[in-house]
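Let me begin by presenting the structure, written as structure tokens, before commenting on it.
Going in written order, the chains are labelled A, B, C and D, and every chain counts its residues from 1.
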């Protein structure tokens, strides 16, 4: 499913990353019959239709039971399968937190946890359905890779990597429309930032759907004569420490951008900088509050997770 | 059959022409039963009218599960429960918790029908900064006893409030509605075990047994049958009723607390999307948003009942 | 009766004089049943001997639940299950998961008895950097199929591995032991519902029905009865056996998969602390650490059986 | 229950803060019959014996069912009770995470969540029983107060405050022996640091059982001519922002100390400093790993959560 928005002058095609998710899953399942999907009823919202049609037996629907879902995923891994455990990110993480900690991370099972429609994608459905905590929570769990791809191509790359990685991986799959971001021929590596734009004044570090917004903010800033570096951080855990330390050294400071509590990517970068290269930061994301009712677009505006909001944070950091 | 629909479909808000709403209030206390049932029937009809218009206007909602639960809600708020708008601070008021919080619009319209919410507020459903969030929040609406949305939360909370009532020796009762799909959540079985063993006689668990969940039939996902046996084995006094029959619901609720001293489980047999011809028992309508034509047809069908 | 004991009591490690341990290995495959049972009986005796010494040496352990489950573990690993130390990489090996992971010492000693662990390693139980953690970890011991400890995890995992076996058309079976108190966790009922509906015939859920949990009797905490009805209503084929009778256990395990096509639930009636006179059925011994005198008495009682 | 250790020259009496917990609970329950306790079987490890004897009806034991436990707590609050929901911190948080988020925090119920034996108190029982993530996870939840008292007197103060506070509070109650720390007549205030020692060279900020260790480290440093300020931070949320900004300004930097993942207190302070007063930091706590088997004392040594370890971190920060 694609849509278009009018971004500045040009029309951009926006993509729902779930389309890349299911296409990649089907492709992986065709190549490797160990690949199975595990879900909590949400076949539709996980966009698993094409997979269900092609591999009806390899779709394990445990019903509305997220603890069971993650445990069953771990057991399928024990039984030699490569499970992709998919659910709305809010329920996969909060409801099955101990299973994520113990059955996936501590047990080091080869399993992929797919957090669907994360952040505030379910805007109007309210904070119970927002998954703004996932990055902050999961990045603290030892032994877990935490990825938030920024566009369809990166989503596919992360999933392919996770399918081959003998350990637990959490992947945030966005439903909010995003333009294509990563360059042609891009290869995902965990813990490797992608420099999308060079710049010497300030650094914008973003993850997930926020990456394209950071790029837009860099355009806004460029028009004002501010030269912003833009780093895409596809994994919040591990971080690309070298790229961040260099950015803190070479530019005036770092603005992090995420569709999540700012203790997610923002907190991770802050913890790195204070010990390695203290530098000023600004956080763009959801502050310490449950969001009011509103659509995701409205909420992103509300919290300033927009080109304008990011540019304003950069200006504030630079004292302009 | 499974559905490839999205939880938040792409239909966008649209003004709805005819959203008048008459607040009928509680059924007269001393009226003969037939009159009470007529009152509830008319109220449920009006609540469904308003509900479908709200969903259409918001471009969001869970209309199937709203239409299946409306008769239960109306029966509780307009007749069975001992609670009124001026009594929300009374510790001895009856409690209601909508554990299947995705049917929020049905709760909001029922609360408006019973005088707990100004009807104008219904027009803000899901709008920015509205108190009428997609799932009910106790911090936003005084009459909402518990914030719900993630399935499997409301029943444990109901057990807690029933427990408090028991500690206080209060006559108040706690009613909670769970979806049938929702009963796949283990937290509910934890709560049922607690309720059964502590003989929380003033707790009434109503299962909206519409046989459908989000993506498919319950039986095709993770079946609940034999549901009555399960509930009985967890210590419930089990009653089965037609969940669209206001009289039968009234009787079931009047029997709480049960003579056995056990908590009551009412399996309310309903149809998702009831009584709309093209929605009823159709899994596609879990959270589908009706087109303008479908709204018109539904309103016409409601008119002719 | 409730206990005011601590999960980690203040007894500190102490060297244990006599911790010799004879590895008996599997019961001979073709031997007559009486001989197999005698082998298991002697193995269980030796495992209990070593277990109590380990607990005493570590100053930590859950001896009550260890002694209640040892006959089950020994029967599985030395006779019923199709798994051996050189077969751990075989996808078709039978699986065992100790969901009540606090009985880790019983699993470790049984694994050593069956040749999966060098007996010397038992001496490291709970010591710094030991692989013999207070709860079994699959990253630390190759023969441990699943890391457990928080109650209510092992059964969902067992359902997953049984599901994988079914997908592969494998004849392998999955055995999982849950505590009776553990069945208060809702995650287990989620898993049982999944197993029942998917007719995971090669799954065998063993309930260590010792009637006690950490602080009190199960019946005085949050009762499970009617347990067989609950399990049956969730789709299990229910069998009840004396959980200290190796022959009865052998028969029950040999019947998996059940002819009905349903998963099997074995309610194994046990005594916590069995067969030690001062521990048996005594809730004080959930995680109490025996004194040197108590160890001596227990060893003497084991000798005389 | 008390024990003594030989700390430097003098013998100190160590206390199990659970004794203060149950004594305070009984006292609160005597004064207010709305006070009830909710537990998951662990009556003994919650040391609830005296409460159970005195108020058998007001002890709600739901059995081993943590989700139910927190939900029942919220319902008891709805029913006019003041519930103290007590369980091993690892299970209360990880297992009931969504209930903590939704039923307690988002719902703003007046309820107290009591995390027993947190950190690595259950040392040998392993990472499944360690609650090293609780501070990092819970501090990100909006509307929740997160407290980790450092000694029996502060434990009692926090519990009394929580009983009167119309909102959700999480309290970490330590079982590890700690000496008396807070001064006579001390009054707890959320978001208020306690300056236990003035100092101009470096600041040690600690919470929970780590506070007395930070004080010991200051002694070690003083002997080397380093003048360390020691702040006790009884609430990780809210933080005492003014005290921390002042410390970052007035001393060379901040060393945080906690018996938890360093993304807990450490992360919270880092997030504050990078936006308000960038300054170098060092984290003492559990790094990004599941702990090996070992007793809590052994593990605290292993991870350097000791006077020596803290002093070493301060020296490293100061470049000495």
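In this section, a contact is a pair of C-beta atoms (placed from the backbone, for glycine too) under 8 Å apart; a residue touches a chain by one contact, two chains touch by 3 or more.
For clarity, every value in this text was computed on a predicted model and none was experimentally measured.
Any chain bridging chain A and chain D, meaning touching each of them, is among B, C; the list is complete. Compared with chain B, the chain whose C-alpha mean position is the greatest distance off is C.
In terms of their C-alpha centroids, the spacing between chain B and chain D amounts to 41 Å. Chain centres here are Cα averages; for chain A and chain B they lie 35 Å apart. Counting only residues that touch two or more partner chains, chain C has 137, 147, 149-150, 152, 184-187, 190, 193-194, 222.
For chain D, residues that reach two or more other chains under the stated contact definition are 62-63, 65, 67-68, 91, 94-95, 98, 102, 106, 128. If each chain is drawn as a node and touching chains are joined, the picture has every node linked to every other. Chain contact summary for the complex, chain D toward chain A: residues 91, 93-95, 97-98, 101-102, 105-106, 127-128, 133, 136-137, 139-143, 261-263, 266-267, 270-271, 273-275, 278-283, 288-290. Touching chain A in their complex are the following residues of chain C: 91, 95, 137-139, 145-147, 149-150, 152-153, 155-165, 167-168, 186-187, 190-191, 193-194.
Partner chain B is touched in their complex by these residues of chain D: 36, 57-58, 60, 62-63, 65, 67-68, 70-81, 83, 98-99, 102-103, 106-108.
Contact residues of chain C toward chain D in the complex are 2-8, 10, 58, 60, 101, 126-135, 137, 147-152, 181-182, 184-186, 213-216, 218, 221-222.
Chain A makes touch with chain B in their complex at residues 1, 41-45, 47, 49, 52, 61-65, 67-68, 88, 90-91, 94-95, 117, 121-126, 128-129, 175, 292-295, 298, 302.
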